[in-house]
Amino acid sequence: MSPAAPLPTDDATHWVLTLSCPDRPGIVHAVAGLLAEHGGNITESQQFGDPLSGLFFMRVQVTASVARPVLEAALEALTREFDLTWSLDISGRPVRTLVMGSTAAHCLNDLAFRQRSESLPIELVAVVSNHTVLEPLAEFYGIPFHHVPVTAATKADAEARLLALVEELDVELVVLARYMQILSDDLCRALSGRVINIHHSFLPSFKGARPYAQAHDRGVKLIGATAHYVTGDLDEGPIIEQDVERVDHSRAVEDLVALGQDVERRALARAVRWHAEHRVLLDGHRTIVFR
Amino acid sequence: MSPAAPLPTDDATHWVLTLSCPDRPGIVHAVAGLLAEHGGNITESQQFGDPLSGLFFMRVQVTASVARPVLEAALEALTREFDLTWSLDISGRPVRTLVMGSTAAHCLNDLAFRQRSESLPIELVAVVSNHTVLEPLAEFYGIPFHHVPVTAATKADAEARLLALVEELDVELVVLARYMQILSDDLCRALSGRVINIHHSFLPSFKGARPYAQAHDRGVKLIGATAHYVTGDLDEGPIIEQDVERVDHSRAVEDLVALGQDVERRALARAVRWHAEHRVLLDGHRTIVFR
Amino acid sequence: MSPAAPLPTDDATHWVLTLSCPDRPGIVHAVAGLLAEHGGNITESQQFGDPLSGLFFMRVQVTASVARPVLEAALEALTREFDLTWSLDISGRPVRTLVMGSTAAHCLNDLAFRQRSESLPIELVAVVSNHTVLEPLAEFYGIPFHHVPVTAATKADAEARLLALVEELDVELVVLARYMQILSDDLCRALSGRVINIHHSFLPSFKGARPYAQAHDRGVKLIGATAHYVTGDLDEGPIIEQDVERVDHSRAVEDLVALGQDVERRALARAVRWHAEHRVLLDGHRTIVFR
Amino acid sequence: MSPAAPLPTDDATHWVLTLSCPDRPGIVHAVAGLLAEHGGNITESQQFGDPLSGLFFMRVQVTASVARPVLEAALEALTREFDLTWSLDISGRPVRTLVMGSTAAHCLNDLAFRQRSESLPIELVAVVSNHTVLEPLAEFYGIPFHHVPVTAATKADAEARLLALVEELDVELVVLARYMQILSDDLCRALSGRVINIHHSFLPSFKGARPYAQAHDRGVKLIGATAHYVTGDLDEGPIIEQDVERVDHSRAVEDLVALGQDVERRALARAVRWHAEHRVLLDGHRTIVFR
């Protein structure tokens, strides 16, 4: 197939390819060449070479009438040459997502609404909660609800049940939507890179419990929220997105909590979208976000 | 003089009155009554009762043809009844300000420019620096420049010289415009409530040295700046204003430094303006800002 | 009752009083005096004198153990002296609200969710739509749904039915939540000051139809939304709130539409909250918003 | 030279290449190939295919030890194949810039300060003004000042003098920094794509004269500024950057003017930086901005 072949054809697929490798000349040319060889037309492309880590990162969207195994085989060849780490997906394919929450509904409501009305590319396959408050909302959006209570005694069982659900339902992404339980180190490791949490402060300010009370006491003039990947190190995982809202002295702690809900859902929705669109790549404990 | 007397008359003065006292009914009525008795017309008024501290705060701008001693005597009477703390000034009177800097010019340039062209109500009576880089800029704006080098050995002398300048020049406000020396506890105490610092991070994140390097390492998605009153407790003084700017993975530390300059000068300029307009009141270790 | 009486007592009511009148000395004193006489403790107070219109505007929240008729009688006396226009309400009382929509659900979803979870002080008494898409959402939130189709032939009947509903249900506020029909002049007049619309552009840019397509064609770098009172003059009513979001060249019209939904619901929710909290006063064709 | 040659070498140059052409498969591969052949290492790359205009746009930064004529010859070959329009420059080379102003100094002050302290990649070769107010500021920054008064009678002469200066001084960019004269159609055409204006409103709102007065009268809640290329069609040129600031009812027209200065200089500084870094490409009457 020639690079000049008219595209997109009727049966072309829109692929999204992300990759990273040690930085050196010729990568872009090699990747662009591979895609051109398979009749691909690049519709979006971003790249970044990190001078600190010495790593090169790339995300390409390409329209091509090519079977996945063919493209994968070609990428394997490149992998050996450039020491690539890559992933290939169909652009816009909904990512199978499980949401964990406790009693606050704003993040779940936001994600479910955006999934339905704004083509947020996720499929909500389960809501898991240690309370039952969120059940009617889950039901309204047709998402199976699992009540998994957690006590000190049952925590291990509860996490086992979560892991079983992740397996059974082919869950690709777990979203902690103001879930008020701390995951164990083992669970964090098992789901590494697949769990996004929304922390209700502008990290690294106000780690830990009751961040709005801490923010109020410090007299800050902006409150924030941070969406980040979960690691065993609480509130220290790679940051995906942050946002803030202006407040003033007249706001009580409960006002900060209410105002904060807007910032939380906004930051979380963006982080989930970028993750689901394969725009977030890990560079050590920091993220590359190709928006 | 009757409250209905036509105002403002030609020789009326525009006053700004700020006060705080234990919260209880009748304060607003008493203050408004006092002002009405003296023919005052209130042009701006804000108030706040803090349920935590139990204190009431008020700022009033009023036009009145009344001599200062008369108004002060009336306020003294109220002081006894309501346990008031108050201050009275002529609205818009330039506050005598001394700027301390090291080598970065952006904050000094911004304040001096705004003073000249945007009626920022300050009078810049001196620039004090441990370097000479800022001298031409100070000269251009007609501000006397004082080179006061600081070493471990001369620090006490340097601070004595600063205090002497503050006294001689009737300095009301000291602005640390990216001054890279830490003030001694004694100096902080001596100038308490009269020193504003701009810290180049979104406090309480990244206290201490090299905040942009810390921010870069943590991979934050917003960088910030914090204007605060200086206390002996480094980077812990009452916050007056904060602002942020969006950054992404492609920004190196030196980019954050450059971008941060915009946030710093913006937050500092607002804090200085609000202080000079008597809009900032202290409520313990937090500020009330009547914007 | 003495002004020093301990307050709030157990049966004190939290009132919100808004007023406007020709500006002249003594108003604040008179109002504060009236409230003090009735044992009121002012908890929040804002005022503004407009030098252009010569009008004075005030909003006071006050806790007082006083019957409404007593307070109203006192205000009537003041009305004659100062030519006041005033309104008195119980602070936080939910405003009876009717939402009109067509097919887009984001604004209705947002208002209903905030009403339930963030104490937005409205009571949603009806959803009226010329389509049926919004019925399940209304049902989920327990809001009676009225399907009122509109054609050129039935427009007058549809508006009559809306007016009848407004009357029957004691509707105080009508929210046009992306309702895609233009109200007749007569209806606008009949409901003057009680209808808030969200226009999907930063007015006065891009009035009329398809504002996102207009914005895309003009190549703007920010898109916006405007919440305003509806008048007979389309898209020209008094603006209550505006907000914007950054976009770039890569965004197609449909991206702007999706991004715009966030801005629309944010601006609308704020405008509805401020209206319901009696924070919005009309000053000719502009609004005073006491936030 | 092999693509794997170790780079950057000591004498490598950092190039920036921008190009546009009709969109079709193979362009990225061809460009990346050309650069790889000349030992180039791509350090930054952005691209965009506009589905409306059918045009493809690309900006590449590349480090390569290659002489300019060699690179240009290679690009010429590609030009014929892909119908390219391209430009090649040394990354970071200061663009020769002439600033026109009248009496407001904030934009000139900002550009000159950023040029000196933030490595804004421009060289300020002249300030031209119909007043003399800006002369001391130009002098302080060592920029030759040209006083060119403009009256109805002398307008043609004044423009001729400006064009002569542009020629003599090899001016690449003219910045209208609140220059209060309208350029003639002929001049706009002669300098097409090389003149950036800052308009003190959020275009297309409030075109023409006194935009802040218009904004105040309309009661907007945000004021804005727009940096755009100048065309013969006043205030209709391609938009490069826009920004806004929140205002409220208490702001008089002169407050909007003062607040607006911050927005103006911010939007203008970004537009000038992006232009000087070859990040702005024209796509009909809209701009592609590769930030």
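Read from first to last, the chains carry the letters A, B, C and D; within each, the first residue is number 1.
The rule we apply is simple: a contact is a pair of C-beta atoms (placed from the backbone, for glycine too) under 8 Å apart; a residue touches a chain by one contact, two chains touch by 3 or more.
Keep in mind it's a predicted model, so treat the numbers as computed, not measured.
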Which chains contact both subunit B and subunit C?
A, D
Contact-pair count is greater, between A-D and A-C, for A-D
If I average the CA coordinates per chain, which chain comes out farthest from subunit A?
B
So, what's the distance in Å between the C-alpha centres of subunit D and subunit A?
36
What whole-number Å value describes the gap between the mean CA coordinates of subunit C and subunit D?
42
Contacts with 2+ other chains: residues of subunit B
44, 250
Counting only chain pairs that touch, give me the topology of the graph as line, ring, star, complete or other.
complete
Could you please specify the touching residues of subunit C with respect to subunit D in the complex?
48, 50-51, 202-206, 217-222, 224, 238-244, 248-250, 252, 283, 285-289, 291
Spell out the residues on subunit D that touch subunit A in their complex, using ranges where they run on.
3-5, 7, 24-26, 28-29, 32-33, 35-36, 39-47, 49
Subunit D residues touching subunit B - in the complex, by the definition given at the top:
44, 104-106, 109, 113, 117-119, 136, 140, 250, 258, 261-262, 266
